[in-house]
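Take a look at these structures.
Heads up, the next two complexes both have chain A, just with different partners, chain B and then chain C.
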Partner chain A sequence: MAAERHASPNWVLLSLMLAGLLAWLSLDAVSVAPNRIVAGAPHRAYEVMGGWPMLLVTLPMLGVMALAWRPDSRRLRLAVALVVALLAALPLWLAAAVWALVDPSLPQARLGIGASVWLLLFLWLLVLLELRTRLGLARWQGWALLLPVLAAWWLALAHWLEPLALNREYQGRSDQFVAAIGYHLALVGAAVGASLLLGVALALAMRRHAGLQRAGFAVLNFLQTIPSLALFGLLLAPLAWLSARVEWLSALGVSGIGWAPAWLALVAYSLLPMVRNTFVALEGVDAGVLESARGMGMSRQQVFWQVRLPLALPVILEGVRITTVQAIGLTAVAALIGAGGLGTFIFQGLGQAAMDLVLLGALPIIALALLADALFGALADGLRHGGAR
Partner chain B sequence: MPLLWLGLLLAATLGMEQLEGVLRLIEPDSREVIYRRDTFLALLVQHVMVVLVASLLAVAIGVGAAIAVTRPAGRDFRPLVGQLASIGQTFPPVAVLALAVPVLGFGTLPIIMALLLYGLLPIVRNTLAGIEGIDPAVHEAARGMGMTGVQVLRQVELPLAAPVILAGIRTSVTINIATAAIGATVGASNLGDPIISGIVNGNTAYVVQGAVLIGLLAISVDSLFERFMPRLAPR
Partner chain C sequence: MIELFDVTKRFGDEIAVNDISLRVEKGELCALVGTSGCGKSTTLRMINRLIEHSEGEIHLDGQPVRTFNEQLLRRRIGYVIQSTGLFPHWTVARNIGLVPRLLKWPRTRIRERVAELMGLLGLPPAEFAAKYPHQLSGGQAQRVGVARALAADPEILLMDEPFGALDPITRESLQHELRDLQARLHKTIVFVTHDMDEALALADRLVVMHRGRIVQQGRPIELLREPVDNFVASLLGGVERGLKEAGLTRVSERMLPLGPRLLARERVAQTAPLRDALSMMLWHRVDRLTVVDDDDIPIGELSLRRLVGGRPE
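Up next is the complex of A and B:
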């Protein structure tokens, strides 16, 4: 069975690479514009420096396809190396495109990344994911593979990709960008922190009173179905009214727009996953374990703090993970009611039809969400293994 | 319950003019308290159409893809599709919407595409979970009775997986209703319009009108699922 499996071609890799190859050869790779306002002139990959740099990207792709035709573990490892090299080489290709296409005498000239480059990035990451699964690599090994790629991109962005449109948008507002990330994370942290405290308290109360449990879950489920934009909007009026009437609230900076409605809405949305996971986690601890802890002479308090809570912690952390990822996305919407954060760039960009500004907001948001997901996932895994000993 | 919410939704959509007095209390200084750039009915229909088209496509593609990768011929793609569905869910819907605009431009099409792409994920994940959660013995028995692959799929796998698949569709539609509203910022006219325009012009009455209608729409659709899900489930 195993020998047969190695012999048959890996169709997943073959079709992904073929799709990438077709996109690379047929779609626009970059666009060049003399300034921010004018629409860019599109260029295919083969139009850059007579197509030689394009070949350097094409050949490794063909190589991966050849390796995928008769895959065994050694060939798949080689394919991983090739794909990592490709991902790291893409910014160098862009640097070549900048050198060849962008007029250095125009200070505002910019190079936009086109459809085929985005598609390649996406498809190659999928290839890496597939290879990771086939080779049975651990999650951290997958992340480690991306380190040289990130280093190459960082190097290229710092030295050779100054005219990249995304980079130009960043240069114009680098202080704002850093502040926006900080503010975004602060808002998410404050909301998740508050909902963690509130959620655990609520879950503990629900375990005591069955009536509260039913009513609580009904209300939280109801809240979750209300669209975020609507909830932000509905909080506007009451908060504006409150801050106009209550002096100490307005002194705190609470008003109809800004962080206050955003934070409230984020907490409201975060409560359901938090309470649900905490409740399930605390209820789900094996009764036999609790029994034996009692048998050892532990008091109720000790059983809760030393047995029930530590065993429930991984599932509670899962709630924190879901909540954090969700809050990172919702905070972007909150920019519409003036809450700041990375969503500001998205909506500013949409307003000015400046797509690279949209990307400057959207890409970090996705990166933050993925990072938060990986971080809490790893933490929960660690706790589970530590607790199982 | 769904009838009550649907009734409220329709009443609010058609009778917003009658609420002028109440809305005037919220926004006493503005010249205009009722959003008039489009009728609420038109906005509601647009909203529902966008969500409906995107969700139907997402169901067709999502369930189809999940079925394809659980057949022997497509099994090679199963790990990748599963991982893609779970990683994709960490992407915030707003970011997906924002990324669709540079590629597809402004208007209704990018919104449908973004909703479709994002709505696929819960459907694929739940369909996979539903089909793979079936007891292998049931599968074996159906095969033993002489059923063909197609018969097993239609008479055993899909009916047994239906509740889980429907739960995925419900999640997908709920997210889509919310994300479509944000789509008003990329040039689609729907119930998000009054909210955005209210925020921009500082007119809270507009915001309330949009927010109430979207809220009612979301709750109506959710209660429809609630009402009809248990009926479909055991068969």
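Up next is the complex of A and C:
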């Protein structure tokens, strides 16, 4: 404890918070527009209600900096609480800005989130990450910290942030939005599921035949180098031809555009990481362990199911994780060929120069990717528990 | 009893084991020694058919190993390797219970057997049963490896450099334990090692292999005294063979009854090897030691002259 009391300042926390403070004081926090077409008028944080509400954010930030100056574990815990409070307070500040700046008589008036607020969100999440590492918190504890933050945003969005531009875009398309998320996930799930089955089968076949192994990796590597848009284009003609000739395919909804080429392209891109990880995982199991498994009198099947596969599983799951995150991003591009999903909003927004609509598509994609990453990461960690680290 | 008749193993054009014959009696510990690549590990693994022999026959208790089902054969033979080969995703108890589980023993019997073996190898179940292999030291892990090999009480134990990866102190204590264990259990053991001291300390029968052939076999002391050629002589320690032999001979074999002279100050146990006695003489710069029994009571004396095998003065 004595050593901790005289700990030197945590420069990471200090500089992150200082950058946040400077952004908060100097950059635009929000912009206000009477409707969707007109460019918004920017406002800085201190211009809202004479600057009083900004203390809600500024004071805790100074508090975190003070705690980071002489950090010990008690102070760092306090800092965690302050940062979580900050993240939860930000929507309240936005609510104050809405109340002060948006004319309630204009039904289309909207409040856009400005550079400094985005920057604060980003920096505070980094601060939280740094604190999590310093305090040695487990993964689930990190996620648990975000729960009150999400609750605060949820509450604010539902009750006080109706004129938030992002929210306005959402209100017009809430049904579409929910459907798009469902469709996005379904496409990703179908692609990852198919590539998992195919990838494992391919990896198993490659382990038997060395020739197939070379050829297989060559083809998969080549597939990976084709740009995604080009691959969609390449699939267009053959699929259109097929659906015109084969009745049950067109009955299924297969055509040159839509889900079919998107799904095929996603599977094609997912195969390389899936096959490579599965192959490396299965081959990478310690030879001594396998030899002793055989030497103890386990059958081929027993060695595979009880030893090789369980030991390979964390690495195989790593492949599923990479593939899923990649597919969530790629599916956004697939909206271009009419595959639907969250990418639809991005391209609509780009077409209409409505950045908030782009964000309505992009933010959930980022969130989904992070969520998938965390989920599979935790799963792999769980499987590795007690095993070979 | 294990018998090899004119056994040869080819990998393609390469001959790994060349026409060897060998007989390991029941309850005997047979050490295969030789330089690396001499075919000793291959020989070991042909016995449990991890490698199939190309020519000749291998018999267990008179039955050719080829007539057994591979898996059933291996479940009857304990197998210990240098890297322990413990399953990292299984607890110690589950690792030890592997073969009994393969043999479909009832669950309670497996649990009792695992606890019994852990006691036998100095691994208190309360402390170790639920641990995973990566939580063990090298010596503890190899104890678990030995316990796993003994789990289904096999007649035969095959050990492939089991202590090769351990530090010298742990290695020596595990060698002692193996010797004590063998004195109680009387397994038929084939033991591969390139550590000559280990082979001399443990083996009832020593088999020297070179380039796939058996060059010489017999009791360790026989090989030390009469190596057939320079290769065996140098493998057995060259100029240090005298010390190795002294390591195999006990003080009690050379001591004389207590004479009329005053007792020498330095004492040596009658069960100690001559090598220890010689070392004590060198260390204390004396040429006479008092030999004592287990209760530290003087029962004889040992002079340097007697130690080196000369006649009493």
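Descriptive notes on the structure:
Please note the rule applied: the second predicted complex is superposed on the first by the 380 of 389 C-alpha atoms of A that agree within 3 Å, B and C clash if a C-alpha of one lies under 4 Å from a C-alpha of the other, contacts with A are read in each partner's own complex, and residues count from 1 in each chain.
To be clear about the criterion, contacts are C-beta pairs under 8 Å (C-beta built on N, C-alpha and C of every residue); 3 or more make two chains touch, one makes a residue touch a chain.
Keep in mind that this is a model prediction, so the values were computed, not measured.
When both complexes are overlaid on chain A, the residue A:Met49 reaches neither chain B nor chain C. Contact with chain B, but none with chain C, is seen for A:Gly361 once the two complexes are overlaid on the shared chain. Once chain A of one complex is fitted onto chain A of the other, the partner contacts of A:Ser299 are limited to chain C, with no touch recorded for chain B.
Contacts of A:Leu121 after superposition: neither chain B nor chain C is touched. If you count the residues of chain A touched by chain B and by chain C, you find the higher number for B. In the overlay built on the shared chain, the residue A:Leu223 is in contact with neither chain B nor chain C.
By the touch criterion given at the top, residues 10-12, 115, 118, 126, 129-130, 133-134, 222, 224-231, 233-234, 236-237, 240, 256-257, 325, 328-330, 332-333, 336-337, 343, 346-347, 349-351, 353, 355-356, 358-359, 361-363, 365-366, 369-370, 373 of chain A touch chain B in their complex. Only residues 286, 288-289, 291-299, 302, 307, 310-311, 386-389 of chain A touch chain C when the two sit together in their complex.
Touching chain A in their complex are the following residues of chain C: 48, 50, 70-76, 79, 81-89, 91, 98-99, 102, 132, 134, 145, 148, 158. On the chain B side of its complex with chain A, the touching residues are 26, 76-77, 79-80, 83-84, 87, 90-95, 98-99, 101-103, 106, 174, 177-178, 181-182, 185-186, 192, 195-196, 198-199, 204, 207-208, 210-212, 214-215, 218-219, 222.
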